Structures are given as structure tokens and as C-alpha cells.
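As written, the chains take the letters A, B, C and D, and residue 1 is the first residue of each chain.
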Amino acid sequence: MGMSYLVYPGAHHTRFHHALGCLHIMQKAVQTLRFKGVEISNNEENALYIAILLHDIGHGPFSHAMEHSIVEEVHHEQLSLLFMEQLNKEFNGQLSLAIQVFKGEYHRKFMLQLISSQLDMDRMDYLKRDSFYSGVAEGNINSERLIQMMNVDNDVLVIEEKGIYSVEKFLVARRLMYWQAYLHKTSVVGELILTKILKRAKELVQNGIQLEASKPLSYFLENKVTLEDFNENVLQKFSYLDDYDVLSAIKAWQFHDDYVLSNLCRMIINRDLLKIKMLDEKPSKELVKSYKQKFINLTKLSEKEVAYFVFKGSLKNQAYNKQSEPIHIYKKDKSIEDVVEASDQLHLKALSKQVTKYYICFPKVILES
Amino acid sequence: MGMSYLVYPGAHHTRFHHALGCLHIMQKAVQTLRFKGVEISNNEENALYIAILLHDIGHGPFSHAMEHSIVEEVHHEQLSLLFMEQLNKEFNGQLSLAIQVFKGEYHRKFMLQLISSQLDMDRMDYLKRDSFYSGVAEGNINSERLIQMMNVDNDVLVIEEKGIYSVEKFLVARRLMYWQAYLHKTSVVGELILTKILKRAKELVQNGIQLEASKPLSYFLENKVTLEDFNENVLQKFSYLDDYDVLSAIKAWQFHDDYVLSNLCRMIINRDLLKIKMLDEKPSKELVKSYKQKFINLTKLSEKEVAYFVFKGSLKNQAYNKQSEPIHIYKKDKSIEDVVEASDQLHLKALSKQVTKYYICFPKVILES
Amino acid sequence: MGMSYLVYPGAHHTRFHHALGCLHIMQKAVQTLRFKGVEISNNEENALYIAILLHDIGHGPFSHAMEHSIVEEVHHEQLSLLFMEQLNKEFNGQLSLAIQVFKGEYHRKFMLQLISSQLDMDRMDYLKRDSFYSGVAEGNINSERLIQMMNVDNDVLVIEEKGIYSVEKFLVARRLMYWQAYLHKTSVVGELILTKILKRAKELVQNGIQLEASKPLSYFLENKVTLEDFNENVLQKFSYLDDYDVLSAIKAWQFHDDYVLSNLCRMIINRDLLKIKMLDEKPSKELVKSYKQKFINLTKLSEKEVAYFVFKGSLKNQAYNKQSEPIHIYKKDKSIEDVVEASDQLHLKALSKQVTKYYICFPKVILES
Amino acid sequence: MGMSYLVYPGAHHTRFHHALGCLHIMQKAVQTLRFKGVEISNNEENALYIAILLHDIGHGPFSHAMEHSIVEEVHHEQLSLLFMEQLNKEFNGQLSLAIQVFKGEYHRKFMLQLISSQLDMDRMDYLKRDSFYSGVAEGNINSERLIQMMNVDNDVLVIEEKGIYSVEKFLVARRLMYWQAYLHKTSVVGELILTKILKRAKELVQNGIQLEASKPLSYFLENKVTLEDFNENVLQKFSYLDDYDVLSAIKAWQFHDDYVLSNLCRMIINRDLLKIKMLDEKPSKELVKSYKQKFINLTKLSEKEVAYFVFKGSLKNQAYNKQSEPIHIYKKDKSIEDVVEASDQLHLKALSKQVTKYYICFPKVILES
């Protein structure tokens, strides 16, 4: 949950918990589907377990912040795949089928859908888990019942008709978790500051300025790393990185000479963040400019430096994506319908509209100036 | 939850639990509102507690079934009021303010809204409680947070803006509880059979046929009782009625000579109900007629009697009623908006559309004939 | 939980819930034991499910009160067996193995132990369930872990050594539930009054006085019924009896002319019970006599009648019975030890001491006389 | 919970959670006591909140391991007091009363008892919290009821008689949590290895060998620090230390040249620990010697170095300490009794016996040699 612990201190669970949880509910899904007569071989079963256990292994610490700072647009799913392939070598090909499924190259499509779709084990686990640990009860879903309602028709994952209200609940819960937790304004600003810190650190290191950091983190600060660069050696360095590297660095950098770096770091350490304002409309260029000017007046920073403290952006969320592969409802007459069509209300249609919100961030001090 | 235990055996809680629960969350609401500076005198506080504790006291056993059978369209809220007035005599006027609030005659409107509105303590308690005991997790709501978000502006109950997602969750939960629990087809058919049983029993008694029943139940079978008839004496008789009277009677009547009565009673006792089919459209007259004819062929019942076994109807539900008094959102700029307008999505608009479903009930045996 | 709802209003769950719960955890036990390599045939599995589902079917309504009043020392386990044998006829011998197990005549002893022993599925379900519904958190046990620690050695049920603390917790929980719930003084006095009511009713009916009661209840009031009398016909009558018969009767009898009967019934209906005092020592005969005399002075009741209002007795509880078959701990070296010996403390030895408490009951009014 | 996450991965909660939790239940305790007529001034209330919030602030990261390695027998309560005194300066004396209470110098003894006694808010929070997060259900206690049963008599904290079973449950839960969680053999060996790591690191640094470490950690490795050394400056350095410093160091040290340091660090990182054997009796000197010799044969380590890998020790636990201040039961006749005397069983006496277990730790590899 990134920096959400700044809002919800209980949200202190780990990706390891999530991986175990996904595995657990995948076992339940396999049990349920077999009980309904869906044939799943032992090999396929293992592939499902391996793939779900490893689906997130490519996430670095504070993954989203890193993806936009110290690695060059390397998506975590690509790294998960690289890790799986590396493990496949070590385990003499035992992950081959899992990899095939994960890449979407296996003919039984429902297997991929269990791992990655609009109603996969991943989402089921993280919504329930994040709701539980954060205390945002609005996100609690009935994953047990959703799984009981699952079935497979022509190798496609479907939900039996009487589970339609559980799907509706699931989509609403997802929407509410986004706005109340993942995109809560304090989580967002925390994540943005973290991204800025990593960007600034990389910038400084690239300019020859020395920063205290663990060896693996230093590597990624010193080198420009794109997906192509991820050979076995770099992958191993990446695997050594975790929250401890990042947060230890931030703790050290709060005392660094660079104004930008140390101030951003202190914001995280002292939980004294930039101010963030949520808006229905894009903030005007003039507003951003005037805020920047005020902060320049106060601090004598350069244009480039002030952009670390005053910036704008947008957040988007869509509880259900009609363009992606739909959630299939399996009706009593054995026909299949997109959940949005099958519902008795316009309600789900509304949920597939994208909602966009805008924000502007700036130091609190400029409100007083 | 009426006959819902036929579907969800755990749903075995009582109206007494609900009354205590309402009182409990009303105490929390008073505490919260006072903490926010809303002045509530000790008298007003007591009135709130009395009114919420007694708001449902006019419910007889299996209230909805009774209202449509053995009493003549006497609404339970009218009886609650009669009981309160009776108690007010016994307690020398100590319930006067509670009654004033309950009747909507007190100038501080939020007090009535806490007891009876689209976001009252009653709904908060029963949604959470019924969800809990039935196991229909989709109905679970965050009543604690909803209460924390409450405030009062100009004596009107409002929800602070940041609670808007909890309201959304509440409305969705209400919709889902209706379709998955209260209007679940098995609950519905159970309730309909119960209504038919009481109607038939009254019909028989009116025709001079003797039925085993407790004294209070006998009174309501022997007499036509409208609201006007509810003097102190009748009210006392009504107060003696509870589930034990009704279910003991049904247990006895399953052995009665009347075909209609005994067969309907056995359906409840043996949980072997009429078949119910849910439909998107009204069932045609022809269909109903043909079903009736089939059952007449099998049983030689009269036209009037067969209507106890073959009948149709409709179910309506609306999660949020835009015609009723709205749920008010209290925005940061101190303005007030209907929750439907304040939401960032068309989602809530969809929830205020009424959904209607149709049903037809008939004995299973006619499918085989 | 008998009359415990008089203390804990939430304790409103039913024997049906308990039977389903027992079945559920029996399924888990079978799954666990098979996973550990214990062979259980499909026939044996079914026998376990049937036996645990029906183990309590011989309980009448308010069983303990009935056993000491309207039937003559007929123990519910004997009736459960009669019901199973009756069902076995109806189901053409399909219950034969279950009956054999239930009677302790099957050679695989662990099967009986799962159904009836000091650590059986029955106790596991009712402790957890009663703790949950009553809110007496002290009785909550970890049945899931207890089951995971189960194993079978030489057809005897054992608990693996590392589960010893869960057993300790289980025994302590049992002790605490007894004193806080089952033997709570208000539950006890409620149950005693109910017993007295049924005794008085039977006495009156035997003396030719008419009482309003359902047909099945009337049968048991009119006839002296011992175990030998339970032929198919009587068994059926018994099966029609439930809480509704008893409580409807009590509701009616509160208006009866008999002083003893109506007063005792009103105590239950109005929850205005006899006073009960718990004592460490047996109350003296003189005390009982003086209380009786005071009540005779007030009411002019006969000696025999006053004994319905003033009486004494004792309660015993033993968390673990060293005389019964022990709970076996399966040590890492494959030896087996009684849990009391295997524990690292005197603690469990203390739990196998029997605790006795005494009480005296009497009408509150005599305290004021 | 130190290294317990090595056994129970869910046990990932923080001391910050615990501090908030303690504050929360202290608020409930104050509310309850005031409701019962105990006078607590606003100043006293604040003192209680401050003291409980800060009672653990002197804990460094992995506190128990540190206390036995890099600081010289400095107990965390002494450091908590130093921090409070430092904060008292910054807040102009507003913590004075809290400090007085914490030091046991305030005349109202119950205030200290709420913060530090055999039934304080600290234990209530951590038992329930650790049980919850670890999943060791045996440790779950009913803190709400314990608080409701609290009262104050002559400025001494007492538990009302009817809460005696909740106290019994609390003491048993404490005992079970110790053996199943805090003193679980894997937690214990994890903690011992960590202690050895820190000791070794300090030894190396003292001998002039360079180790990668954060600045605050380096300070404590380079300097011998006793309680007398904790001036404002050292206290600040200490306050900068957290889990990140320690674990980042261990991550780095796993690649260090020193055989002892790097091997111990890899044990933690790879969760491939020393073998630990629990024994009822002290392991003999011969056994320890033979294990050491075997490892020396394999590794050519010195006597001194091998003691980092082969060592013995003991664990003690006592659920209730009769020598400490007792838990007072407030009987209905207003007399006060030690809970052990007030109980109806020998059970609690048994719980006040100290239990000692012994262990020996050694590398797995020597079992194969």
C-alpha cells in the first residue's frame, strides 16, 4: 500500500503476506473448480500456484515510486517474468508451464484469468487484505463467496448468475478502496514525495555528488537501467533491494547538504508533508506559476529545483473497464453475458465510467507568505 | 427477517436484539454529536433513547405477514405509537417528548431523522445485524464511521463530505441485502405462505370452524380488527402475541381437516415450500390460469381455494429514494447537497432508480403433471 | 444453553446450528486425519457424519429441565439412539455403522472419541459457539488448531505434543464457560424454575386438573413415561415437541388459577425470578426451614407447595476428569501420555479437581418480610 | 515481538501500534473508573495518557537483543525515563506529573498500577495484539471486560469479584503466549543470533575493523555506552536508531569477510537458523564441549569464535508472580484478597510456579558430521 501507513498506521502488512494470501485463495479456487467438474491436472495446478505466488516478485520496494524514478519505465510484470525465468533455470524447467500461463500463451485461458484479470486472485486478496489492515471497512469483499460462484465454460472463467451481487459488491469495494485508501490524498502526496526523493538522488549521483546508500541502491542511482539492462547480474542486484535500503537512505539523506534532497526526506521522516489540494478541474498554469514564484521568493531555489516542491497532476480510477476483457456471468440458460449487461440496474454501467481527479502540491509555508 | 431463516439458518436473531442495538448506536450518535458541539439536553437525549428503543414495538410476530392477513391494514408504526402512549400513561408523561419526536412534531428535525429517515439508527442496526447473522457479507456496513461523519446543521442531520463513500457503501449494501436476503425468493415464498395460512385460518374461523390457537391469537382470528378497534384491551391482547402463538398454531394446524390450511402449514413445518419463479416481466394471465387449472385437475379444489396455491405478485426495491427527504452532505464550504448530487459518479443516480421484479408461485407437483 | 438468554440475550442460537457446526468440524477432522495418513473409508466417513449430526437428536426442548420433570430419568443419549434406530429402518440400514460407532461397538475407537470423549467435536463446537453468541469471550477456543493437532495411533485419538497448549486452553475455557455461562446463577435459577413448572403441571394434570397445552405436550403430562414406554408412537409424539410447545404453555399457564403454577410461569415470562444465593458451604436445614416458614406466613401455602419456591441444591464442575478416558498426548518419541502428565505444570492437575458450589433459592419478597 | 515473524509471518506490527493501543485502552479505563465514582482530575488523566504513550519509548530496535550486546545493561525503562525528562524540558514541564507517576512517586498508587503492574494496560494491549497478529488464538484476552471490572479502593487498583474468571483467563493466556510465541524456540534462536551478530560487530569495530553501518549505529558500535553516558547528545543518537539501521547493516554484513559475522547474518537473511533443542534439564558441559569440538573440526574456528555458534541457556516464565504486588480482588463484602486466594481452585496457585526450560544451540551441519 505504498505510503498509506501515513494515513492508516495499521496498513503495515507486506508483499510476502499478499503472496501467501493469493496462494491460499488460489488453492480454494482450484478445489472449487474441481468440485464442479472442471478438470485441472496436477501440472496445471502447480503452474497456477507458482504463477500466483510469483506474480508480484518483480515489484521493487515502493514499486510505483521506483518505476517513475530510478529505473526507466520498467514495468514490474516484466521483472516478475525475468525472475521466473531465472528460477526456471535453477529449478530445471519446473516453472515452464507457470511461465507459459503467465505470458498468456497457454490455451486454457481461465488459468491466466485466475492470475490476471478483472476478477483475479490478486485483486481478491489485496482488496480484502488492505481493507482489513487499513480499517477501511468499505473495501471488505466476500472473496469466499466469489470463489464459490466461479466456474469454467469453454476454458473461460465465469461467475454463476446468483453470484452477480457479489461481483457488484466487489466492484463497488474496489472503487471505494481507490478513493479512500490507494488514492487518499495523503497516500498520494507521500508517494509523490518519495518519487521526487529518488529522482533527486539519482540526479545528484549522476552529477558526481556522493550519497550514503547501500551497495544495491547505489548501483541503481549510478546507472541508467532500462529493461534491456536486466541481465542476471543486475537482476540479482535488484533482488537485494528492499524497503530497508530505501528508508535507511532517506534517514541518512535528511542530513545531506542538498536543500532539495534533505527537505524532501525530512518530510517523510517527520510526516510533515507537502500540502495537497484535490480539485475537480485541472489547476491553471497561472496558479502553479504563482505558487512556484512564492516559494522561489522564500527560498531562492532555481526553477528546476522548485519543481520538486510545487507540481500538479491527475488521478484516474475506473472500477470496471469495459474495454478490457469483461467479467463473464454464466446464466441459468448456460448463455454468457458481460456483468454490466446482466445486472438489473444502470448501477454497473455507472461504475465503468472513468473518474478523474486533479491535484496540486506545494509547501505549506507558501500559504502563510 | 421474517422467514429468511429458511434460507439462512443463522438468521435467528430477535427484534429485542435489534432494539438494544439501535439504543446502543443511538448512544454513540449522541456522544459524537455532542463532541462536535451540537447541544442536546438530557431530556432530548432520553427522548431519543426511548423513541428508538420503542420504534418497532408495534410489530407483531411475523409482522408483514400479519398486516396483510389478520389485522386490517394496521401499520406497525401506528401501533408503536399506541404502545408509547399507553406507556406514557403508566409512566406519568415521561415519554411525552419521545412521542412528540416520533410523530415529527418536535422542532429539532434531526432528532426524528436519527429515528426515522434514509440514514437512521434503525437501518444502520438492522443492515449490519442481518448481514452478520445471515452471513450475507455484502450487507455489512461501517456504522461506526457513518456515525462519526454525522453532524447537525440548522437542526438538520448531515453527513460530512469525507463520509460520502461510506454513504455510498451503505446504499449499495442496502440494495444488496434486499435482493440477497429480504427479497430472496425463498424468504419471499415463505412469507407469502405464512400470510396465506393466517388468511385461511381467519376465513375458517369466521365461518364457524374451530381452530386450536392460543387465546390472544384466537381473538384476532375471531374479530375483524382495524386501527380504530385498538383500545387498551385490544392493545394488551396484541401485546401477548408473539412467534410462539403463531408457530404453535401452525404446528397444530398441520393436522387439521381443511386441505388448504393443513397443506400450507406442512409446507412451513417441513420446509417444503411452493415453487417460486422470479421473472423480469409480469407473468401472463394465461400462465396463471393454466397453472391453476392443472392444480384443480389434481386436487378438485375450488377456484377460491386454488388461489392459496397459485398466485403472482411483484417485488420492488429502491436503494435510495429521491422523492423522500434526501441524505444531506455537508461540504467543506458549509453548503449542503443531496448525496446523489455530491457524488463523483452517476453511480448513486443509478441507485435511486426503482427495480421491480415479478414472481409466480405454484405447487411443485404441477410441473410433473 | 437452556435459560442462559436470561443473562446473555445474544445466546439465542439453536441445537440445529450446533448440529450443523459439529458436522462441519467433523469434515475438517476427517480431512486432517486422512492428510496425515489415517485411513478412513467412505463408509466410515459417512458413519462419522451421521453420528455427529444426530448425536443430540434425543434432546427434547429445554432438555435438562424435562429430564428431571416430565419424563422419568430418560437420558437424551438413549433417545438419540432410539431415533437413529428408527431412521435406520426408514433408510434401510444405511445408519447401521453410525449406530455401531455411537454405541461404542466399533473396533476403531477413535471414531467414537471424535463423537463423544473429553475432546470431541461436540464440545469443540458448543464451547466456541456458546462463547460467541453469549459474548463470554473467556470460552473461545481454537478448534481449528486442535483439529490440526489431532492424529490417530493404534486406532486411538491423540493430540500431537506441540498442541498441548491448545488443549490446556480448551480445558480452561471449558471451566470458565461453566462458571460464567452454563452455571451462571441466573441461568441456573431459570432452569430450576422451568423444571418446577413442568413438575407442577404434571402434578396438576395427574390430579385431573385441565391445562392448556399442545397435544404432544399434553400426552407427556398425562402419562408417566419411562424409557421402556418409548415405542415408535411415543417417539413420534416426542419428536413433535419443541420450545414452542413449552413456551406457549407457560404463556397460557401464567393466567391459570393454581397459585404455584401461575406464579412460577410469570417469573419466566416477566424475567422476575426467584432470588438465588451461591454459597461455598451447604446451606443449613434451619435456614431453609426459616425461609419456608416466612413464605408460608405470607402466602398460606402448604408445605408441599412452598417447596416449589424455597429449595437448595449444589452445582459441580470438573474441567478434566482423570477417571474418564484421558486426552492422549502423542510425544515426539511416539510414546503416549495423559495430558495432565505431559504438561509442564501443576496447572492441569488443578483443573482435574472437582469444584462444588451450593445454592439456595427463595422468593425475593421474604427478604422484606 | 522481536524475531517472532520468523515463525508467525503475520506478527509484523510495530511498537507504534502498541503505544496507540495502550493509550486507547487507558482512555477506556479512565472512563470506566470515573463512571464508578473514582475521581481523576484532568491533570491526572493527562499524566496517565502521557505515561502510557511513552512507557516503551526507551526501547531501541530489537530491544532485548541490543540490551545484551551494544549497550551495557541499560534497561529500556531507564531510557524511557530519560526521554520523558528530555521531552519535559521541551514542553516546559507539562510531563512532570506523568514522570512522577512513572517513577512511582505519586501518592495515588493505582495510577502506576495502570501503567506498570501485573494487570496493566501495557500487558492487556500486547497480549491481545500479539495474539491477533501472530494468530496464536490461545493468547486472546477479554481486555474490555477486564477494564469494566476494574475499580479503585483506597487509591489501589482492584478487580471486582465477578471479574475473577477474566483474570484467570488473562493469566493463562499470558502463560500460553510465552510458550507459544515469545519463547517459541524459533523466536528464541532468532533473537539469540541477532544478539550474537551485534556482539560480534561491536567486537570487530573495537578491534579496528570497518563495518558498513548507519551513523547512529556506528556510534554505538564504536563506543562503550553505559547508562551514565546517556547525555542529551547520546540520547538523540539513540533516538535515530530503528529497525532499518539494524537490518540494513545485517544485509550488508552478510557479505563481510569475517566468517562469524557473515555466517550469522546470512542465517537471519535466509531464515536458515542455528538448530535449537529445548530440554527439561540443563545440557551437560560435555555435550556443549563435544558440539564445539565438532564445529571446530569442520571450520577451524577459535574457541572464542565457536562460542558464537554453539551455546546453551535457559528460559523462565511465571504467569503470575506471588512475590510482586498481587492482583487484588475486591469482594462483595468490600474486603480485598490476592487473586490466588480468591480463586475457587488450586489452578492459580499452579500458575504462580516458575517454569524453567533449557536449550542448546548449534549449527545443523554438526549433526551430519
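Following the convention adopted for this analysis, a contact is a pair of C-beta atoms (placed from the backbone, for glycine too) under 8 Å apart; a residue touches a chain by one contact, two chains touch by 3 or more.
Keep in mind the model is a prediction, meaning the values are calculated, not measured.
Engineer: Return the chains shared as contacts by chain A and chain C, ordered by label.
Structural biologist: Output, common partners of chain A and chain C: B, D.
Engineer: If you average the Cα atoms per chain, which one ends up farthest from chain A?
Structural biologist: The most distant chain relative to chain A turns out to be C.
Engineer: Could you work out how far the Cα centre of chain A sits from that of chain D, in whole Å?
Structural biologist: Between these chains, centre-to-centre, one finds 35 Å.
Engineer: Using mean C-alpha positions as chain centres, tell me how far chain B is from chain D in Å, no decimals.
Structural biologist: Each chain's C-alpha centroid was found; their separation is 53 Å.
Engineer: Centroid from C-alpha atoms only, then distance chain A to chain B, rounded to Å. What do you get?
Structural biologist: Centre-to-centre distance between chain A and chain B: 43 Å.
Engineer: Which positions in chain B touch two or more other chains at once?
Structural biologist: none
Engineer: Go through the chains and record each pair that touches.
Structural biologist: Every pair of chains in contact is listed here: A-B, A-D, B-C, C-D.
Engineer: Under the stated contact criterion, what part of chain B meets chain C in this complex?
Structural biologist: 9-10, 12-14, 16-17, 20, 212, 214-215, 240, 242-245, 247-248, 251-252
Engineer: Would you tell me which residues of chain A are touching chain B in their complex?
Structural biologist: Residues 137-138, 140-142, 145, 165-166, 168-169, 172, 175-176, 179-180, 344-347, 349-351, 353, 355, 357.
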